[in-house]
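Residue numbering begins at 1 within each chain, and the chains themselves are lettered A, B, C, D and E in the order written.
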Amino acid sequence: MSTSDDYEKTVSTAASDVAAFDDPHKGFVGRFHHALHTTPALVPLIVLLASILVFGLALGSKFFSPFALTLILQQVQIVGIVAAAQSLVILTAGIDLSVGAIAVISSVVMGQFTFRYGLPVEVAVACGLMFGTAIGALNGWLVAAMKLPPFIVTLGMWQIVLAANFLYSRNETIRAQEIAEQAPVLQLLGAKFQIGGAVFTVGVIMMIAIVLILAFILKHTAWGRHVYAVGDDAEAAELSGVNVRMTLISVYAVAGFICAIAGWALIGRIGSVSPTSGQLLNIESITAVVIGGISLFGGRGSILGTFFGALIVGVFTLGLRLMGADAQWTYLLIGVLIIAAVAVDQWIRKVAA
Amino acid sequence: MSTSDDYEKTVSTAASDVAAFDDPHKGFVGRFHHALHTTPALVPLIVLLASILVFGLALGSKFFSPFALTLILQQVQIVGIVAAAQSLVILTAGIDLSVGAIAVISSVVMGQFTFRYGLPVEVAVACGLMFGTAIGALNGWLVAAMKLPPFIVTLGMWQIVLAANFLYSRNETIRAQEIAEQAPVLQLLGAKFQIGGAVFTVGVIMMIAIVLILAFILKHTAWGRHVYAVGDDAEAAELSGVNVRMTLISVYAVAGFICAIAGWALIGRIGSVSPTSGQLLNIESITAVVIGGISLFGGRGSILGTFFGALIVGVFTLGLRLMGADAQWTYLLIGVLIIAAVAVDQWIRKVAA
Amino acid sequence: DGHSVSACLITKTDTNPFFVKMREGATAKAEELGITLNSYAGKVDGDHETQVAAIETCIANGAKGILLTASDTSSIVPAVQQARDAGLLVIALDTPLEPIDSADMTFATDNFLAGELIGKWAAASLGDAAADARIGMLDLAVSQPSVGVLRDQGFMTGFGIDVKDPSRWGDEEDDRIVGHDVTAGNEEGGRKAMENLLAQDPTINVVYTINEPAAAGAYQALKSIGRENDVLIVSVDGGCPGVQNIKDGVIGATSQQYPLLMASKGIEAIAAWAKDGTKPEATEGKAFFDTGVALVTDQPADGVDSIDTDEGMNLCWG
Amino acid sequence: MEPILKGRGLVKRYGKVTALDRCDFDLMPGEILAVIGDNGAGKSSLIKAVSGAVVPDAGTVELEGKEVRFTSPIQAREAGIETVYQTLAMSPALSIADNMFMGREIRKEGWRGKFLRQLDRQTMEKLARDKLSELGLMTIQNINQAVETLSGGQRQGVAVARAAAFGSKVIILDEPTAALGVKESRKVLELILDVKSRGIPIILISHNMPHVFEVADRIHVHRLGKRLCVIDPKDYTMSDAVAFMTGAKEPPEAQAA
Amino acid sequence: MEPILKGRGLVKRYGKVTALDRCDFDLMPGEILAVIGDNGAGKSSLIKAVSGAVVPDAGTVELEGKEVRFTSPIQAREAGIETVYQTLAMSPALSIADNMFMGREIRKEGWRGKFLRQLDRQTMEKLARDKLSELGLMTIQNINQAVETLSGGQRQGVAVARAAAFGSKVIILDEPTAALGVKESRKVLELILDVKSRGIPIILISHNMPHVFEVADRIHVHRLGKRLCVIDPKDYTMSDAVAFMTGAKEPPEAQAA
């Protein structure tokens, strides 16, 4: 290194046209691509509308009636609520296999506290909600403080909670009639009201409210931004000033709380308190999240996408049944749908990139 | 930068004591730590031996007999074989939720090809094995070429294969008696032989053989090294000369093939061909893999660990049953075991680091 | 304590009240007779491997006999044979094995008869309207386990429908059948399946359900569109909540079975076997010991024997 | 003059590796202190130990004469120490504004901020844009674009701008120019001098001797997990510095730590 | 003299970004060609396009006068082009020997290699150790230690040694000294000269001007996805080079591409 000069000084006269960006808003196609990129919920929304359209055309008023369309909402309400909780967890690059078990044990706690111990029903509901939150927080603690992989923590918790549920409830169902007589508050989320031919339940409203509130929180509060940052790169988040541990624990706790609400909605929907319900909620909620475009690697996606994802599954299930597909074929086609939805998503993202 | 000199030349006279490493083999503790680090299967092996010891002390000869100990082997054979397949996939940082469904549909193909179409039983078995391999390869193609997340691909495939299984088999079981009479080859893996009080089946030998062969392949062949490299960092592997796409497809195909063998072993174990068996194999195999210390993030762990992991679950299940624990309590304790095993693993790794 | 007699009870699951009651019945009887009872259960309905493992455990444990409700009636046979070869008395409860003589004896409800009773009752209650009934069938699972098929096809036979292949549901061509859907035997599945069928045809007026939780779920679906009073729901089981639901008008009729009886008879048989090696006898004219089934309803129909809900409550099990 | 940031006897072990071996450290008010040393000498470990990113196994850290024990980077930040880590510590999928205000978000005025805890995006975006253009580091059109869409140089720029904007007492830069081109490196050096002129002391880790000798007031030479010596760039040549840090020459007695 | 490696009209787009814009490229036999340019100019994209890591959207690549179309790095390696990527491309959990022989493992002699396809670990380990010590790059005790336990500098050394050991026609190094200390950088430069003395041409991407001017025979200046010009380091100063690459000065007419 003998040729030495002040070469670095040269840059002061350098052209500065490097950091300029192309304007991405070029015409309709450009704007559409840009929208697809910046609004991750758009792809599932398009798939949802398209599938409603296709089934509507194929089935006519049988499907395209306020009754059938609101029926879908009622059928997806539990999965929708649980999937909202699942989304939160998956956004932090975790996964929660215990969501269904938490929902069920919370509903059992609400029922048994009312009927076995004779607590006022409002107190019992509060206890159920707290219980779900506590299990969620325990999950979060194991993940955040003990640094165990979320898959394992919630796999173990799933088994523990489900077994505890059966042991505690003694497998006894509390009948709908008894609940309606003695503790109607338990069935609150099942209460209906009609607007035209459309039938809504409080549970459906609850699902929509949870989705909207979470969407607001994730987008417009510091906590929401921290959830994304933790999922994106936990170490970077920690170094740039996020309390990763508390964020994770609170995410799992909130997920537990939302699952407990799902447990409450479950009572409203089936009328009774049954310890055997909700067994497939974990797989169904993950399916909804994934079809809704949230990355399993965390940090990317929106909760509205999950909502649309849950609706897509609901539309397909009812639509296929109405078209006369039998139950087994419906299962098969849902499997195809899952893969296809993700393939379409990948493809659109590639084209739009 | 006006002070310029030949400072870089100075380094030629620099001391060269930087890249020297401490000798890590310091005394027994040091060597033990080192062994824990370089032999990932050691931790589950220790846990396994400890749990056998504890149950042996608690239950005496009831548990500590050749019959009971070999019974564990028989009980874990299916899960053990499937978990070997699952290990391969998880080593590439994937996951296969369709393992159980592949095993079952392969056994159904073997049975139906023999009994419905009257093919020679050897041909039918070969068809079953090929069918399993093909589904696996399809999984692999969707993951490697279409770049879809393994979780989703295999979630969808699980539903598709299971529904196809019910549709194709018409939910009919082929009875053990008929198989024993007309096509005993189907039950080959169930054939028993005794050595002292110990009872072995061909299926158990098959499981051990698969584990040993895979352990050899993963450690001593180029393909095995590539599997680890792909799981570690797929992009780096690609750049450093690994055919990532073919590696992934072959891994999923081999996993499908091994699952098909598990399906064959299933016929041996239950005697008949039943389309409803194997529903829990995916969760059970993942549990075994994880307790065995393979990282869900890929690239780390050994297949022997998985084998020990499956045995640990088998020991706990039989031990708790023999102690008269109620089924739900057993599930609850297995849940605790899963979390505890991973926590111990994390702790040992931290201490040993 | 190797000297006392021990026995095993293996049920499909331990989460279904039916099996829970069966276990309670067996436990009570075992205590009475001084028998040590170990209970095992599959994790989910259809979990066959766990049952095989349980049989093996019983053999290892030196039990004298096994009471078994098999998830997979044919596949379990080799394991059962192994137990019998090891000198255990194996009694199938509730669900016959295939072939039925694979077990030493079967104590069971005749599920086909149970279905037939509610089918007959439904047809008789409707009278002439039965000819253009709209029927929804709420079954157990897409894998068509035999209990579900027997009850389903029994119902159709009783109602007067050509069942075609009696070993599977879904192949019938009768126009009165709106469709089949699966419920997993719980309230949630019952409600969703009912909604799906209602969306297909809102005029359904007869609903067959696999069990009473599914019926309760179906009722919720009907209630939500205000049709709970003009649809006839029939079911099988006869659990106490189910009978109570008949009293409350949720379900029209149910076929009651007697799991406690099955279990206690089973324990008695094992005690006898351990004492002097006697095996239980089958009911005359049947290949199994029929523990009986009774139609429970508060609206008796002509030509179908039934008991009312008060009697049903006395006999109910859960 | 008392050091503004002072470390004494810092020890940090990773398993068998001793990254910091009873290391001392002093940063004087208003100065630019360069830290140089071989790969793996423990430079990053040192600044992590004083900035709360790792908790040292032993030793003390004093800020303005008061002992502090940071157990997380958040605490160090609250005390006014701002760090640009070697790994940058950005959330790739989030926007530039999000990243700049990560962990110190600004909430809206009034009930929406108080009860809904709603963020004041407009203010944050405006501030982020101001900081970036004030530092003249780059012309970024869209403050809402994801950090992952930026080039390596732009990313480094955002990280440095974040530290410069919020650091009130000390700014630490760990190899800020390693991946940068000539032009981009230049801008970062200008920025460092600019920050210094505002009276804020800076710790700069770099392998680039000419850069170090250009901007540093004092040079802390790190070797084998320890401070070997502190030299004044006006008294020694680059050759000397390199000779000290590689062990080719003994350090000057007087200044040896 | 014909170029040993030649690119013509190479184009590579990433979404809206054009990383390579009809770029030409020539490497002469036996020379060290440096490639310089701003961050994001497209240097890495260029070498990826000629080494098979990405498939260019348009343009041709010729190796020794014959057109080649690599669709994966494996093909380029088989053709004798060995590359050290900016990201190093190592499998952290695997050993040094495993990494060095990744994709070109040596199998045992006899039936164990033929039928069991068993690897010959001893030979591979011996060769790996030989290569590392032959290149004098470092003293590694245990050739079986995982790459993740090496320091950044040691890792870079292994990557360079791998390329030097196997490259038969062309060796490409993308910023091999970016994260290295003074001493470690020096070793890499010595290695580059050593490889050149064996007659193998090298492409060196670097932001370090003194290094570039020290070792390069010719300098390819890259700007905005194109080859702006090729200069001889003996005819121009570092200031000139920087001026060309940042756009401060027009390139010399004669040598403009």
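By definition in this document, a residue touches a chain if its C-beta (ideal position, glycine included) is under 8 Å from a C-beta of that chain, and two chains touch if they have at least 3 such contacts.
Fair warning: this is a prediction, and the values are worked out from it, not measured in the lab.
Considering the contact criterion stated above, the chains in touch with chain A and with chain E alike are B, D. Within the contact network of the assembly, the step distance from chain C to chain D comes to 2. Taking the mean Cα position of each chain as its centre, C sits at the greatest distance from chain E.
When each chain is reduced to the average of its Cα atoms, D sits farthest from chain B. Contact count check for A-D and B-D (C-beta pairs in contact): higher for A-D. Taking each chain's centre as the average of its CA atoms, chain B and chain C sit 37 Å apart. The distance from the centre of chain D to the centre of chain E, with each centre set as the mean of the Cα atoms, comes to 32 Å.
With touch defined as above, residues shared between interfaces to two or more other chains in chain E number as follows: 38, 40, 154, 182-183, 185, 209, 242, 246.
Contacts with at least two other chains are made by residues 1, 4, 6-8, 11, 14, 166, 328, 331 of chain A. Residue positions 14, 44, 142 of chain C each touch two or more of the other chains.
Chains that are in contact with each other form these pairs: A-B, A-C, A-D, A-E, B-C, B-D, B-E, D-E.
Within the complex formed with chain A, the residues of chain B that make contact are 1-2, 4, 6, 8, 142, 146-149, 151-153, 155-164, 166-167, 283, 286-287, 290, 296, 326, 328-329, 331-332, 334-339, 342-343, 346. On chain D, the positions that touch chain A within their shared complex are 53, 72-74, 77, 83, 85, 87-94, 98-99, 102-105, 107, 116-119, 121, 138-142, 145, 154, 182-183, 185-186. Interface residues of chain E facing chain A in the complex, by the touch rule stated above, are 14-16, 38, 40, 209-211, 213-214, 233, 237-239, 241-243, 246-249. Per the touch definition, chain D reaches chain E in the complex via residues 37-41, 151-154, 175, 178-185, 207, 209, 242, 245-246. Put simply, chain A touches chain D in their complex at residues 7-8, 11-12, 14, 16, 19-21, 23, 216, 220-223, 225-226, 228-229, 232-233, 235-243, 299-300.
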